[in-house]
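In what follows, a single structure is set out as structure tokens and then discussed.
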Amino acid sequence: MKKNITQVQTLLEALPYIKKYSNEIFVIKYGGSAQINPILKDKFAQDIVLMYLVGIRPVIVHGGGNKISSMLEKLQIGTKFVDGFRVTDEAVMEVVEMVLAGNINKEITTLLNEHGTKAIGITGKDAGFLKAKAKNKEKYGLVGDIIGIDSSVVKNLIAEKFIPVIAPIASGEDIGHPGYNINADLAASKIAEGLKARKIIFMTDTLGVLDKDKNLIDTLREDEIVKLKEDGTIAGGMIPKVDACLEAINGGVRKAHIIDGRVEHALLLEAFTSDGVGTVIKK
Amino acid sequence: MKKNITQVQTLLEALPYIKKYSNEIFVIKYGGSAQINPILKDKFAQDIVLMYLVGIRPVIVHGGGNKISSMLEKLQIGTKFVDGFRVTDEAVMEVVEMVLAGNINKEITTLLNEHGTKAIGITGKDAGFLKAKAKNKEKYGLVGDIIGIDSSVVKNLIAEKFIPVIAPIASGEDIGHPGYNINADLAASKIAEGLKARKIIFMTDTLGVLDKDKNLIDTLREDEIVKLKEDGTIAGGMIPKVDACLEAINGGVRKAHIIDGRVEHALLLEAFTSDGVGTVIKK
Amino acid sequence: MKKNITQVQTLLEALPYIKKYSNEIFVIKYGGSAQINPILKDKFAQDIVLMYLVGIRPVIVHGGGNKISSMLEKLQIGTKFVDGFRVTDEAVMEVVEMVLAGNINKEITTLLNEHGTKAIGITGKDAGFLKAKAKNKEKYGLVGDIIGIDSSVVKNLIAEKFIPVIAPIASGEDIGHPGYNINADLAASKIAEGLKARKIIFMTDTLGVLDKDKNLIDTLREDEIVKLKEDGTIAGGMIPKVDACLEAINGGVRKAHIIDGRVEHALLLEAFTSDGVGTVIKK
Amino acid sequence: MKKNITQVQTLLEALPYIKKYSNEIFVIKYGGSAQINPILKDKFAQDIVLMYLVGIRPVIVHGGGNKISSMLEKLQIGTKFVDGFRVTDEAVMEVVEMVLAGNINKEITTLLNEHGTKAIGITGKDAGFLKAKAKNKEKYGLVGDIIGIDSSVVKNLIAEKFIPVIAPIASGEDIGHPGYNINADLAASKIAEGLKARKIIFMTDTLGVLDKDKNLIDTLREDEIVKLKEDGTIAGGMIPKVDACLEAINGGVRKAHIIDGRVEHALLLEAFTSDGVGTVIKK
Amino acid sequence: MKKNITQVQTLLEALPYIKKYSNEIFVIKYGGSAQINPILKDKFAQDIVLMYLVGIRPVIVHGGGNKISSMLEKLQIGTKFVDGFRVTDEAVMEVVEMVLAGNINKEITTLLNEHGTKAIGITGKDAGFLKAKAKNKEKYGLVGDIIGIDSSVVKNLIAEKFIPVIAPIASGEDIGHPGYNINADLAASKIAEGLKARKIIFMTDTLGVLDKDKNLIDTLREDEIVKLKEDGTIAGGMIPKVDACLEAINGGVRKAHIIDGRVEHALLLEAFTSDGVGTVIKK
Amino acid sequence: MKKNITQVQTLLEALPYIKKYSNEIFVIKYGGSAQINPILKDKFAQDIVLMYLVGIRPVIVHGGGNKISSMLEKLQIGTKFVDGFRVTDEAVMEVVEMVLAGNINKEITTLLNEHGTKAIGITGKDAGFLKAKAKNKEKYGLVGDIIGIDSSVVKNLIAEKFIPVIAPIASGEDIGHPGYNINADLAASKIAEGLKARKIIFMTDTLGVLDKDKNLIDTLREDEIVKLKEDGTIAGGMIPKVDACLEAINGGVRKAHIIDGRVEHALLLEAFTSDGVGTVIKK
């Protein structure tokens, strides 16, 4: 009985959050350990189902770095990275799409459906959802920047009670174009903007944004980020994450979160508890 | 952090219940200490709000015994009880209605609205919702049995996102009739039947149904109840409760619960934890 | 046959009014003899039903002065009036609410339902409909001024084909507040504004607004009212009535009527005949 | 004032009828003096508008005997009648259709629209509404019996708030067929059946069905009609009328009325007064 | 097989047009040989059905010159033309309406329905669709200019999947007015404007607009038309046609076409082939 | 001009088919040369777009034999075929899914979208669409038989105007199951049954079903098929095709077609011309 009472107490602490987020879209960039570790995967799925049932409208965007590299290796297709982007020729692109849309996307979709939702996996090529152009064809090949988004595609799926799971591939401008490989973080930002999401949450393998003394920074605003980038506190792989956050925030999303996906139930901790986890970036 | 993780763990234990009860009507007979004790009242309101937000459609039916007696006393109107029914003449009826509809009903409605819902208080006289006839005019006066229910009234309110709070007063058959005083438990049963509710929950000041050794009985079926009534284990005020439960169950409600309203958050414990509280009566 | 022909002739004289008022909201402040005299009550109900059936959307607001005083007396709770307002402490407030919501409101609702409508009785506490603050806490106690109105509550009820009957009680700003006692005339005005009503009709026990020679004034505009108040022609209890009319008119209601509720079928006479009854106040 | 009170009294006597007929379809066979006399025409239009505004759904079916004959004469096209049917060759048919659809139908439509409705004139050829076959090609030529009715056509018009005015012309079975001339009484019966009308009302130039002593018979049933036809009391032009009534009644229409269209406001007298006018035929 | 392949090839050439015109309104002024020649009539009907099935929303407006003249002659009613308008007194007006609404309109409606559509014939008098005033009462009598259009009438019919077929008759301003005779070309223009049609197509018995050397001009703009009228290249009966086109174009219709209705399937040739037929007038 | 006239003629020959198939679902098993040859692919896409625009609701099911084999080879994963089924272990299954869902499915989706539709690619794992069990785990591994189909998934997509493109992968019964590889022909049959499709069309690299003299058989019924299988006329790879056809036909699909996908526009030839191509199998 005692246990049950604690249980109920906890449910009630979530009440204000449930009220606040009812019918709001959360775009979740899924990645890192949460996508690999079987226990974390299961927790992630539970989190999404709970969010869905209490009225949040989750939209999942995923990447797939390691699996792509390993498949390229198995197929003996060489690639290299320039400025952090995988240089993508047509052979690489085919593997990127195959792994993202045919393996990782279906794995996530299946995972969610096994937990009782109706998740549906799409890429930006489906129903003309995402259009892109080359970021720099000479340097990176088929790495693209999103130039068009038809958010009605995702809204129609939400209207039919589906949870959309999106692989960051976009169509090109020309007939017969092999499509573009989009950075998953930036794709998530653009999609969150297009859907006027309430929150965007990046699941990472870091605590969040750290200060000089390696302590977690709870909250950041644009001007603070500018300074931290200038003095080198925000550096390396964290730069594209905070840039994606700023992109979303400036595009109308209310809050962007960089959270530690290595923590079990990081999503629920962020959404339904008073402390939250990781760093929140606000306007 | 630790606390938060426990918190989230608990949320997830509620998941199967949330799934199961999504969009289902629960009729809750509100009464006893839960209606008097300020702390329990507040917990009750929280429970209803949470239920509402996670997709349950609660309908509240209330009585008002003590307040009616005290108002009758203040007004120096004598009443007596026969067979457990308050003998109700027109003067008593006026006070019954005034206290139920004008005091208790509005108190509950306000309580719920202060917690963030859109509760609306009605009686069976509103919009022709409940029709009754005298149970036994000579013996009990204006004590009525429900003979007609227009459940579209409550369904229309639910459709407009209101939480209905119902005082157990019914219209009579004739023009100008002062109406009938209905036993709140039986009113709740009839309303649950009419709405094809998933559950009916009676909030009482007992542990539930007890066996001969005064231990709580978890689960009961009709045949067992018949026996326990015969051998006197179920006796006194518990008889109308179990009868109301059987009425509901036989009318198509899936489960009827007699729970201990003196326990904080008894409703959530019943709805969202594995043990439940009190006695459940099933077909 | 002759009789029938006259009958039909009369129906047709109502035709232009039926056309004009189809689907328009009329807020009717119900009170005075029309609320007490059994014959007048019956006529009132017939009028509302006819209005409803030919397409008008009536909304009833009622007060309850005498019954409140008599109940206070029976309960030996003293009250006094200051500036025409009943000084309202918590004990008085409880009686006000009980009598308005639990007695008078249900009486009117039942009366209308017995004539074949689906009337539903609410107060401003239901579903957060009316919010108020103290007019002057020191002088009048819990007498309130409406500061917020959620007209969707009444519109949702109208959408479900209910006729709303409203008792002039409002919620307070704080959790646990006993609520406010609102002047029924002013409540009616505010509600008419909030609903963008076509007409507001005050049923009184006077002929309407009288001139110096005690003759009825047919029509009045704001500037004329100002003058008549200055020279004392409009005085006493008529002042709050005309002020409530002006409030409504200035808030977008097309016409405000002060009619003689002692006349049988005063509402229909006003709505459907060429002469009208009482005084109309226009922009 | 006195006049106004009588007026209102009368309105209220119509109340039970308004309640009873709300949203019910009345098929009205318009004809005789009511279609010719300018005063009666005006009254007819007023009646239809009032019916429409208080919630009845009128559907008008008209004939056009005299005008057709006079146009045939002007055009020097001879016709003769066999068994009461106008023998209709293609030249006659063209005139029948032209006069019914292009003259009389538009006159009625315009008349109603001038009184404030949205009447729309159609024939059975529009949207495949009525299909017919020859009654007896050798004897009567293009006189038809209705063999198919697509009542969705009229229901769609009613759904869009139009009042349908129908000329009794039907399509034939073959491509290029000139169509059929249908007896207006029988067309009205069939349409009333197809629409599951509440009432069908035949406006005639008689008092109704008369007994042997030439007194009006109020009410008739099928067996009585059979007898009256056998003994010759019902004879001549009254036979097809009562047959059309029986057809409708046996097809599910609740009541069929033969009324005296020479009486001003005969329709309202029938629909909204206690006595009614003419003869009613019931199951 | 070979034939079939060509067939399919052709279907595909229509694809871009089908895409472009999906759900767009085309107002078609039907007239000339296409309305008289049995083969052309049949082709016209096929064209309309095909247009309808592939998603175009056709609205037909027709005139009826020859048939009106011949009926006037048969009835020995004299008329004359002034400035190209038929001087229309009440006797003429009655014939105009009878022939247009009762003969030609029903002929077209039947023709289309025989090919499988749900065409419904109306005039501007139905449901208050078109209001007109006299162009010049002294000179032309009841020849009218459209001064009001309630396009909801036609839109409601389209919403119910009907194809509207419109005779160019309009109501007058006064009660009892016989109505106005409207030039069919101008009626079509006004209706196209009111419906925000994509195209207006005039079916004529000319190749289109010809230049000085009697060669067809493909495309014209307003300034070019002004010049061609000044230098007399556009003259006679072509002037009102191009004026109607300009009226439509300036009222928001995208393209106006003057096509040769003597060519079989002229409508489909215009709508679905690369060349088009006749002259197109654009903004 | 001549060419245009032929063009239009052809459009009209398609009219009866367009009428017949309006709003009907066609399940198309896409495969063979039509999926490989760039010219045939383009024609296929044109055919689907045209079908969609004229009102057919196409649903595409595809396989991917060769690409799967070639990818398995590149990855040096050996497989063998038993009884015509690819023996599928988990390593093979991963490649099957990756190629089908991540490569072929997206290629088809993109192809269609480039031609102007909103195609969306899914597998049976999305939203719990297809459930399967092992056909014979020992012999074929993860080759599955469909045991459950939630056709609301596809219907919801059609309701939102998407064209579904389906890869024949199904979920397994247990959590964490890698899923099943389904024969594309049988998947198409089951999906057609579930959707109550009008037609199922198998695009093959044969003329259709051939008789003993290698001439095409136009039409077949079940009893004829039984005989032809017995006498060996239907043999080899044609057996599963005709079995899939019979499955569909017996499950309520009206007609099943085995057509020659090597012919350009085979789909349109089948759907919109009088001859059709290949063999039709009817009940």
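For clarity, chains are labelled A, B, C, D, E and F in written order, and residue numbers in each chain start from 1.
Please note the rule applied: a residue touches a chain if its C-beta (ideal position, glycine included) is under 8 Å from a C-beta of that chain, and two chains touch if they have at least 3 such contacts.
In this text, all values refer to a predicted model and were calculated from it rather than measured experimentally.
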Any chain in contact with subunit A as well as subunit F: none
Assuming a repeat means more than half of the contact pairs shared by residue number, which candidate in E-F, B-C or C-D repeats A-F? B-C
Have a look at where subunit E meets subunit F and say same if over half of the interface residue numbers show up on both copies, different if under half do. same
Taking each chain's centre as the mean position of its Cα atoms, how many Å separate subunit A from subunit E? 57
Whole-Å distance, C-alpha centre of subunit A to that of subunit D, is 69
Please tell me the distance, in whole Å, between the geometric centres of subunit D and subunit E computed from their C-alpha atoms. 34
Which positions in subunit F are in touch with at least two other chains? none
Using the touch definition from the top, list the residues of subunit D that touch subunit E in their complex. 74-75, 94, 97-103, 105-106, 109-110, 113-114, 118-123, 125-128, 153, 156-157, 159-162, 169, 171, 175-176, 179
Touching subunit F in the complex, subunit E uses residues 1, 4-15, 18-19, 22, 46, 49-50, 53-55, 116, 264-265, 268-269, 272-275, 277
